[in-house]
Structure formats: C-alpha cells, structure tokens
Amino acid sequence: MDFAPSERSQALAERLTRFMREEVGPAESVFAASLTGSPDHQVWRQPAIMETLKAKARGAGLWNLFLPDAEHGAGLSNAEYAPLAEIMGHSFIAPEVFNCSAPDTGNMEVLHRYGSDEQKTRWLKPLLAGEIRSAFGMTEPDVASSDATNMQATARIDGDQVVLNGRKWWTTGAGHPHCRFVIFMGVSNPDAQPYQRHTMVICPLDTPGVKIERMLPVFHHYDEPSGHGELSFTDVRVPIGNIILGPGRGFEIAQGRLGPGRVHHCMRAIGAAERALSLLCKRAASRVAFGKPLAELGGNADIIANLRMVIDQARLLTLKTAWTLDTLGTKAALSLISQIKVVVPNVAQQAAEAAIQIHGAAGLSDDFPLTQLFAYARVLRIADGPDEVHRGVVAKLEAKAQASKDFF
Amino acid sequence: MDFAPSERSQALAERLTRFMREEVGPAESVFAASLTGSPDHQVWRQPAIMETLKAKARGAGLWNLFLPDAEHGAGLSNAEYAPLAEIMGHSFIAPEVFNCSAPDTGNMEVLHRYGSDEQKTRWLKPLLAGEIRSAFGMTEPDVASSDATNMQATARIDGDQVVLNGRKWWTTGAGHPHCRFVIFMGVSNPDAQPYQRHTMVICPLDTPGVKIERMLPVFHHYDEPSGHGELSFTDVRVPIGNIILGPGRGFEIAQGRLGPGRVHHCMRAIGAAERALSLLCKRAASRVAFGKPLAELGGNADIIANLRMVIDQARLLTLKTAWTLDTLGTKAALSLISQIKVVVPNVAQQAAEAAIQIHGAAGLSDDFPLTQLFAYARVLRIADGPDEVHRGVVAKLEAKAQASKDFF
Amino acid sequence: MDFAPSERSQALAERLTRFMREEVGPAESVFAASLTGSPDHQVWRQPAIMETLKAKARGAGLWNLFLPDAEHGAGLSNAEYAPLAEIMGHSFIAPEVFNCSAPDTGNMEVLHRYGSDEQKTRWLKPLLAGEIRSAFGMTEPDVASSDATNMQATARIDGDQVVLNGRKWWTTGAGHPHCRFVIFMGVSNPDAQPYQRHTMVICPLDTPGVKIERMLPVFHHYDEPSGHGELSFTDVRVPIGNIILGPGRGFEIAQGRLGPGRVHHCMRAIGAAERALSLLCKRAASRVAFGKPLAELGGNADIIANLRMVIDQARLLTLKTAWTLDTLGTKAALSLISQIKVVVPNVAQQAAEAAIQIHGAAGLSDDFPLTQLFAYARVLRIADGPDEVHRGVVAKLEAKAQASKDFF
Amino acid sequence: MDFAPSERSQALAERLTRFMREEVGPAESVFAASLTGSPDHQVWRQPAIMETLKAKARGAGLWNLFLPDAEHGAGLSNAEYAPLAEIMGHSFIAPEVFNCSAPDTGNMEVLHRYGSDEQKTRWLKPLLAGEIRSAFGMTEPDVASSDATNMQATARIDGDQVVLNGRKWWTTGAGHPHCRFVIFMGVSNPDAQPYQRHTMVICPLDTPGVKIERMLPVFHHYDEPSGHGELSFTDVRVPIGNIILGPGRGFEIAQGRLGPGRVHHCMRAIGAAERALSLLCKRAASRVAFGKPLAELGGNADIIANLRMVIDQARLLTLKTAWTLDTLGTKAALSLISQIKVVVPNVAQQAAEAAIQIHGAAGLSDDFPLTQLFAYARVLRIADGPDEVHRGVVAKLEAKAQASKDFF
C-alpha cells in the first residue's frame, strides 16, 4: 500500500501547479472580460488569451496529459493523471488550456482506441493539436435519458451513407467556435438486443440538416464560449466511414469511454471542491461578525472540518477507482466508477453550497465563482447518468458480492 | 384549537386561486417574453401585461391584502393573510399583481405605522395605489451584515437636512422602473447604544449623490425588472422630515417591520415549495425509465413523501407564528419568527433541489422555473439574517425558556 | 384559525403538569428501584408505588383522559387529549399512572366502539378501572409484518369456538403481571379479499395452549414490568363470542383503532423529545469545557435550535392530525396519520441522540433516561408499520392529490 | 500509488479470515451462552472457549499482530495491520482471541515504547502472553472529559511512592476477571503547563484503596466479561517505579499512544460496519413484503449503495492515516487521525442503524448483534474525544493549512 504519487506524476503536478498559479489564475478575469457573445447568448467567440495560454502550456509540455498513449499523449496511467486533473479543476478555464477539456478528452480516447486510420487523420490529429474542438450527442429531450435504452434518434445505414435523424440536447461544447464535429449516437439496428442497437457516427457540424436550435443555460449561465446545445438532425447524410468501430457497437464504445472519463470528471470536481473550500476558509478568516472572524462562530468550524473529511474521502475513492482501472480493468471497477459518480459531485455541491452561505449574498453574485462552482457540481449529478441510476448499479453489484461472500 | 381558516380568509383564498389560475398562470410566459432589458442587465422596462393584471386585480378587490388596516388594506390578521401569501407565492409575478410585493409591503407597513402625515401623503398613497415602487437599503458590501450593528453608512443630521453617505447592496427592487425611493438606514448617533445609533430615512432615488452602481445577479439571474441593486450615497441631502419615527430609532422600526414581513416571505416561500413539488410530481408521473414512471422508481416515493411532510410542517409553523403575532405580539413570537426564517427557506430549497433532480438536465435550464425557485429559496437563507444568526436567536431563547422551566 | 387549546384541555393540562411534577417525577427512581424481576428478565412484579400513584390520579380526576366517551372517559376530542398525552410522555411511568398506557388505550377504544355487551362487562370494565391490563397480538416472527397481509396466524371457527394457532411477537404488555388477555388477530377467511381475511379475537392469557415463549429486549432493555412478549398459540380454543365485531373484520377494526392510537403515540413521543431536549439543555448549561459551558461551544447552539424547530413542527403536525380526525374523520386524515408516524419518532430519536452526545459517556449509561428515550423512539419507527411503509402511503396519496389539482 | 496490501499483510489476511470463519464465527454463540455473570451485572467469569480459541490462534501464529515490534509482535506496519484489524472487527469476541483487544494493545504499546525494564518484565510480558488483561483510567465522572485538561485525579509523589486519589469511569476492561492493573492518569505537577501536569502510573487492581464502584452499561449492555468500570482511588500508594516515562509526561505518552490506537479502533469499526451491511443485505434479500424482497422495495437499494460508498471511503481514509503514520509520523497525521475518529464511528453507526431498520423489530432484539454493533459505534463517537472535539482539531489544522497555501 502506497499513497504517494509516482515520481513523474508528482513532478508534473508541481509544474502544473506553478503554471496554474502564474498563468491561469491571473488570466481568469481577462478571459471573463473577453467573453463577447451575442446578447441572446447563442453565438460566441474564443477569447484570445485562451490561445495564448494553450501555446504556452503546449510549449511547457503540459499538453494532452490525459492520454495514456505515450506517443500522442503523456503516457500516464489513470492514477498518475488523476492528481493533475484535480489541479486543473481549480479553474474553469484550465482544462482547455492543457487540451484536457470534456468532452474532447473522451472523444480523443474513443478515436484513439476505436477510430479508423482515416478518422484519426481527419479528426483526432487536429483535436490532439488543439486546433478544433468536438461534442458528443447522446441525451435527448423527449425521453428520460437516465435510461440510455430510451434513446430514439436514428442512424440508418443507406448504402454507403448513414442517415441521421433526431434531436439531441445538452450536447456540451457544441457552441464553441472551434467545434467541428459531434459524435452522434443513434439506433441503427432496432431489432437487435437493447444494448446492440445503437451506433456512434462522426457528424461534422456543417453537414446539411444539422441545426443548433439553441444553447441551453444552467442556472441561467451558458458556460460561454463552450456551452450546451440543443441540436436537430434532419436527414443528415454522412459517409459510412464515419461510423466508429461498427454498427450496433455504440454502447460498447460508451462503456469503454466512461471509466477514465468519469475519473477525469470526478478529479476535476475534487479540484472545484477544494477551490470552494479555499474560498470559504479565506472568507471565514477575514470577515468579522459579533466581534469574531466567522471561522470561530457557531458551527462554522464543523462545516470546515466536515468538508475536509468528505473531500479527502472522495479523492481517495476516485484515486482507488483510477488505480483499479489501471490494474484490474473496467469490469472490476464498475461499482467504483458508479460510486465516485455519485459521491464526488455531491461533495463538490456541498462545498460550493457551504462556501456560498459563508460569503453571504456576495456568494450568490458573480463577484465570486461560487454559483458557477455550484452549477458545475449540480450538472454532474445529472450528466452521464443521475445519482439514482448509479446508486442502483452500486446496490446491484453489492447484492451480488454479498451473495457470494462466505465470511460471516 | 382550530386549523380552519376564517371565513373571509377562505373566501379570499378561493377568489385568489381562481384569479391565479385564470389570469396569472397564463400571463407568466407573456411577462417573461416582454422582459426587454438592456443587454448588460442593468436597465429594465415594466412589461405592459403587469399593469393590465394589476388593474384587474384591483378591480376584483384582490389588492393590498397584506395590510391589516381595514381602511387602506384588507383588514386581515396575519393568520388570515398568510394563506393568501402562500397562494401568491406560486408565481414570481403574482405578488406585484396584487400589490403585495417585497419590499413594498414592508415599506408600506412602516409608513403606515410610523410615517408622518406628509410621508403618508407623498409616499404611502402612491405605493398603496400601485403607482410607484420602493426599496430598502440595509445590507452593505464592506461588512458582514449578518451582524446588523456592523452597518457603517451614515445619516448625519445637519440643520434641517440629513446627509447620507455609504454604500448599500442587495437593495431589492432598486432596478424597477417604477422605483421612486429607498428607505436608507445609517448611523446618526454613533455614541448611543449599538441598537440606538441608526436612523431610517426616506431617500428619493433621484436625489443628487444617489447612484445605482450596478444590478446584482443571483445565480446569474437578475430578477428583472425588479432586481437587486448596489447603490452608492455620496453626500446625499434630504430634508429632516424624511426621517421616519425619529433619529436613532431605526432598529426599533426594523424590529416591528420584521415579524409580519417574515411571515409574508415564508408563506410565499411555502407557495414556491408547493409549486416545486407540483412540478416534481407531474414530471415523476409522466416520464418513463426502465419501464416505469419515475414516481415508482427507487427512492422517489420517499422524496415526494418527505417533501409533503416538511412542507406541511413548515406551513403550520408559519401559521402559528402569524397567529402568535396576532394574539400575543412580536415579543412572544420572537423565537417563532426566527424559526420560520430558518425552516421555510430550507424546505423551499429542498423542494426545488429535488424537483430539479427529477427533471434531469431540463430542470437546470430555463424551460422550467426550477432554478429560479431554487435561487429564490437560496437567497432567503441569507437575506434578513442568515440561517446561522436565526438559529443563534432560537438557541438563546430556548436556553432562557429551559432555565425557567420547573417541569422535569 | 386558533392555536390555543380549549379551556378544559388547558385546565387539565395544568392539573396534569402539577401532578407530574409533584407525584410522578419524584416516583421515577422509587419505581426503578422496585423493579424486582427475575434474573433472566422473564418474570416481573408490579412496583407498589404504581398502584399508589394510580389511586391518587384516579382520585384527582386524571383518569382515562384518552377516552372520547364522556361517560366512561374524559369526553375529550383528540385535539383536546393530545396535549395531555404529550405531558404524560415526559415520563415512562406516567401513562400507566393515568390509565392511558398503550396498548390498553387502543384495546379499550376497540372494545368501547366494537365490543359486545358481554365483552364490555368482562374486559372493558376492569380495564377502565385499571384493575387489569391487556396486550395486542399482530406482528409475527416468520414474515415481514410491515406487509400486514403477510400475517399467517389462524383463527379458525369451529362450531361455537374459535381455534387459534400461530406465533406472535412484540406483543407489548404481555409480561405485565396484570395482563389478562391479548387481542389476537388471525386468518379466518383465507379465501376472502386480502383485507377481509382476518379476525380479531379476545384470548385470555390463561387459556390452554397460550404460551409466553420469552420476553424480548429492545437495546438490551426489557421495559419491565410490561415488556414485549413472544407468544405461541397452539390449538387455543375460545368461545365464538370472543370475536370482536365479526369474522373477517380485523382490518376494519385495526383501521379505526389506528388513527387516535397514532396520535396518542406521537404526542407521548413529543413529550419524550421535550424531555430529551430539556436534559440536553440542562447538561449543556452546567458542564464546562475549554472554559465555556457546552451550550456556547461550536455547533451546540445549532443543535438546540434545530431540535426546538423540529419538535415544534412535529407537534403542530400531530395536533393538526388530531383536529382532522375530530372534524373530518379518519379517511381525510389518512396521509396525516402516516406523516406523523414517520415524523415524530424520527424527531424523538434525533433529540435523544443529540442529548446522549452532549452528556458524553454518561448519556449511554443508566444514570440518565436517554438510552431508554432513544430506544423508545427507535421502536416507534418500526412498530405499527415502519417509516418506509408510511412514506409509501403518503407518496401514494400525494400523487392522487396532485393529479386532481388544477392550480399551476 | 498502490492500493494493494503488502504480500505478508495479504497472506495474514487470508489466514485470519479462514480462522474467523472456521473458529471464531461458530464460537460466538457458545461464548454468549457461557456468560455466567452475577445477576447484578457486576461480577463476571471468562468463558472457557475464549482460552481455547486464544491457544489455537497463538498456535496458528495469529497473535499480537498489532505490535510493530518484530521480536514480540508481528512486526507489521500500521498499514499492514489495519486490514487485519478490520477482519477482527467482524466479531466482538475476535480481538481477544488474537490478543489484540483494546485497551490492552494500547497499553502494550505504551509499555513497549516507554516502559522500564522492570515494568516490561512484570506487566508487558504477561500481557503479550495473553495471561493477564489491563485497563486505562482517564475519563472522570465529575468533569467534561472532552477537555482532557479538566482531569482532576491526582498522582502526588511522596518520597519513593506515588499517592493516587480520584475517581475514574468508563475504565474499559476493568471488569475482566483477568484484569490485573490499570494505567492511571492524574495530576502530579499542578503548577506546570496544562499539558505537562499529568503523570501515568501503573496501578495494580489489588492495591489497597482501589475500588471498582460499579460496572456501567451502554444501552443497558455491560460488554461482559470485560465491561466499563467506575473506580475510586483513595490514598492508593504504589512504588515510584510504577510511573511510566516520568512525572508530567502523561500527555506526551497519550499522544504517542493515540495514533495507532485510533487506527486500530477505526479499522475494527470498519469491520463492524461491514458486518452490519452484510446482515442487512442478507435480510433484504431473504425477507419478502408486497410481493418482493425488501432489497427491491423503495429506497432500500439507495441505502445499500450509500453504505457501500461511505464504508469504502472511510476505510480508505483510515488506511491513508495508517500509511501516513508509518511514513511521515504522528505530527503529519494529526488531522487524519482526528478525521477518522469522526468519520468511521459515524459510518459504523449509520450501517448498524440501517441494518436495524431493515430487520424490523427483530433488529432491536438480541436475536441479531445489531444493537450491540450500534452501541459499539455509538460509544466510539464519545470515547477518546467526542466528534465535536475532533472536528475542532480538523478545522484548526485546516485553517492553518489554508493560510499557508499559495495556489488559488
């Protein structure tokens, strides 16, 4: 048993932290001030400072750290990358700086593992270079997407083309001015087993029939310039070569994509929780009421202590999940993956909630990033399967495990 | 013991419900579509439909129901008005329709109870007529306003004038195009006892030296066209006749204002909680996953049951507070007033939270009023004293009560 | 709306409180010291002081207050009796003093409402006189009794006799030396609708074939001298006249019995919660650590405030349930009855839990009644239907209510 | 980073598990049936089966595994022993079987690290051999012992003797028939700094002036045959050579003793939590209501999933604490030690609580070990410092850590 990070993970963590402190931190307000979207929150531009930061990060070797492949990425294991994802999670603008944004990381992994050579050349290469961005179209407005088999969009194969129809929403990243394609998931084999009906297809955003109907806010915030889109697909035709892995293998890909993806999400959320706690402690130490700093009043110390405990536990659970993925594979990690998907966003929400309360009304405004941290955590409790679904997975696997126990 | 409302309260409740169903409900989307504020969320206009609704409500005798005075208002007790406030709380646009908006109701009560004849003619009359709106300036950005004695703004008496200086924020209603004055609270007697230092002064918004620095968002939402303002007061001079009740009597007024005001706030929040529960149940009944309506899946029934229980209890506590104010007065109701100030906003937040989760990502968007309900409840946990301060009040009063008990 | 108790309820409350303070309180330790049960906790004697107290209470007119019938009881409505039940709930020995113990109160009500003249003469009369006690046999060890239709014991009619077979446990009161009969519920009409299969039968404890197999502890405590028994019934024959109301009407009786019974239980539990809070406050005020009374340390004030809030709310909900039973009947009160069955025991458990923690290790010992208060509340979360079942009832009734709402 | 146990830890875990399954499990009921204490729960005998099991365990090399010293113990690090302590925690009788009981393990460590040669020969040797047992006297009835500096007992040095006076309670193990001495802590240097006033002294139980006043129950259970004693010390004289380490060094020893001791306690409590979860799952799978196993009803799956998540997290936090103690020392582990002291007992209590509820009334009786598991966890939330004190420690250390952070 060894809780210390590997040497190269530790070394990268130190360089990353320095970069965050020296470059990313100071850039946050510049970035925010550069958001010059349309008044209706539907069309956005990329702030110039982001491209500057990306170039610096790439130059500093802090680029594509997420990719376990040593040739195109950093060659880190999940357990080695996890602490780096946490560091990036302290700032909303950081992941893009290091080319480690969702959903691009997941899409890059999918293309890297399952993409054809042509797909790699055309889509993976520019993604790895940070030249383009991408989106992932799964959730649909008309059905409860918590049950993925409810998915109704279609990807009908017609000769050497695939015809896409349907409506997707919460397609994160679709609003980014650099977004060039969406990985679309739809039914192609309606008569197959429920988890062998769906196909993943690369759909360039400029294909006729693709329409961004609107960008969706989360707690009235649009996550500009990336955003969450509602997209309609009407008789959209793409070449059959845009199918990833093969027809009916959409869930197979999704399954492989989700393990590391959830570890990344969760570690970033741990970073977000730490930032909330950090802001909370700063405010509690500096603001005075009834003759004392808030930190010394009533139950505030308990709040701080409880946050420290739940964050530390959530981090350990996520690291163990990463390690299990690395050493024992996805199947052995299934319960853990669902566990962190429940635990971590709830912890991050709790941290943001508490930080807001300590800040008083200021915490509700844009003067602090707290409502954004809250909204970020709140989204994660729904995205990629709501808490309820993941608790169900954990319970089912637990029942199985208990049934085969012979000890007491 | 009798839990039934009085006959006139019941009759008004029925008429109000019908008006809400027939007039207010359908107007919500029209109102939202008419919000034509500036792109920077700082200048707003009043949607025409609001004035139409106000005229109808006034014509229907559903006007100023909050005012216990029978001549200028409905002459209802707090316990009689409370269920009506709950009904209004179902819609964010309702309170203004019936001239029962915060902070105007509190300001009208203050002027009605403590105002001079001149103040009544000049400010109360048009408020009661719904011709103007008003604001209340208490919270300040530079100090922890949870400790009201921290207040630093000054209201220096200089001959027959009062000179106001300082900065206020979260001045609700300051952005409304009809807002004409703010009741400003500041230190005039710095050497008096802490609770006898402050004075309330009527300050017309167009007085030289008053500046709305900016409007503040709550979870990125501006509550247009009313809003929360940050105002600076720089050597603002108003006639000494604008002082309410007398110098140094600010906290005395605040105390008298707060009891009924909190009952109003809390009953509206109960209405908000009921609306969240109603939306939750509708979605849970209509959306299907894993072959069943959400309402029948996992712990969702528990969530519904728990909300029913906490809402019903919170309502009873608020009604008892109203009744205690009516029959035994403010002092006897002190603990109860602080209790509902903690309990009800937390219940409303819990209801909105749960409703968001059942709605999935849709609940986070503007397609449903859930994030707005959440933000409304969340604000209430800070405004007029945060949870922490009110728990402290309850605990102190409890300790006193227990010490004088002689039973077990 | 009126939250004041009726005059006679108030007058009785004052007399009862005085009796509790002057007679019951001082007798608690005498009673405890007189418990001279067998070393194996299976055979008990009635402490003499109980009979003395009963005689005094009866003499003082504080007797059978629970019975709404004015001839044999106090003629109080549920809402009038409820505050008296709360007062009795402060002491474990009090209910018997006033002849208001469970399960006798429920049994007396059943016999009073549904019993034949002969049953009244033989069993109700001595119960009302406090000469005998009784038990109620419903829960069974071999099935999940949370689903009452699981009940397997049989009450087969054989000519002019009923033959009882089966095993009951958690038959409260069966260990009391004065216990003379148990109301036994079993299947007599196995082919009828599920809720028309069961019959209630009066079974004298000394009937051949009835055996108390053992007394059951709750958290290692036996509630001596009353206790919870596990009873076997083997070919027990009683006259057919011992059937109450008629064959197959067991659930009909149970339904009618449960409303007031749950109000009584819940109000006593509120009293228990108040006693826990009272002990908590006393300890918190008198014990010093780190230079301050515990009441002023950390989050302890929050704990006190939270308890005050949840207890006050739970009480109001229970009173409203009593009032609804009185004015609108059982059917209108169904959701409320299940609500208080969940809310109140949880509140009482929370109060006992918190009081234990403030007392430190002393709170875990017998030096304070806190573990007994905890166990009492904990039992109530299971007895008469566990939390889960009652939440299910509330959710189902809520879904129905929401579906028929036409307001927002 | 490596979450796998060391090879020798893993090998021992397997042997230990087999021993638990084959020897300890079947012996539990025999042990329980052999408890032949006095009717007043004050004098106990050691069940013969315990000595048999001890001999077997010793023979199997599963003996003194807790002791990091390789000569007298197993030479395991804290991180290596921790998983073994968890396994032992599944059964209340297990720790004594393997000579790993509290408070003996702590006392052995103290004597091993700080004891004189004579102390080692006379007291450590028979403890290591499992021939005698011991107790630790710290908590006092008359003061809030959560503040350790409140301690009032005295250990006055008088020539070549130490004179002990005072009253201790919750002296765990004092009732064990094999208990031969108590480590007594008292004030010897009243004028020194608060943490340099107290001295630890070995006091044989048969020294004149030592009296076991009574054994104390926890939730009416006496933990026979070990128990928790209240002891009075009246002019008790022991040789000065019985002082451990030196006068005024009591807190220094306590500090060193607590780190590993808390890891042991917590890992055993994790084992207890796992046993509760295991019983819960078994019952939920086998008991049927409303046509389904309980596991598939309502929120029960959530309960199971939540327990799996909190237990796994608590275990990881404890293992990290053990690893930190091993690699970075006590000072670096201070916050973690306090964190697990809060987290783990609460998790174990939550598991026992939930398991009781799923078992219905049976869970409250002695038919299952659930109330005992609950009481065990409940005690741990108070013993060795209540939750509140440890949260305070965590908050203070967090404030310090945050103040020195320079990252965001």
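Here the chain labels run A, B, C and D in written order, and each chain numbers its own residues starting at 1.
The rule is short, and it goes like this: a residue touches a chain if its C-beta (ideal position, glycine included) is under 8 Å from a C-beta of that chain, and two chains touch if they have at least 3 such contacts.
The structure presented is a predicted model; accordingly, all values stated were derived computationally and were not measured.
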{"item": "Equivalent interface positions on chain B and chain C, same or different at half", "value": "same"}
{"item": "Higher-contact pair (C-beta pairs counted), B-D versus A-B", "value": "A-B"}
{"item": "Chain A and chain B: spacing of chain centres that average the CA atoms, whole Å", "value": "38"}
{"item": "Centre-of-Cα separation between chain C and chain B, whole angstrom", "value": "42"}
{"item": "For chain B paired with chain D, centre-to-centre distance based on mean C-alpha positions, whole Å", "value": "53"}
{"item": "Junction residues of chain C, two or more chains touched", "value": "298-299, 301-302, 388, 391-392"}
{"item": "Chain C residues within the chain A interface of the complex", "value": "298-299, 301-302"}
{"item": "Residues of chain B that touch chain A when the two form their complex", "value": "39, 139, 141, 143-147, 150, 169-170, 216-221, 228, 287-290, 294, 297-300, 356-357, 360-366, 371, 374-375, 378-379, 381-383, 386-388, 391-392"}
{"item": "Residues of chain B defined as touching chain C within the complex", "value": "1-6, 9, 17, 20-21, 25, 79-80, 90-91, 275, 277-278, 281-282, 284-285, 295, 301-302, 304-306, 308-309, 312-314, 316-317, 319-320, 323-324, 327, 335-336, 339, 342-343, 388, 390-396, 398-399, 402-403, 405-408"}
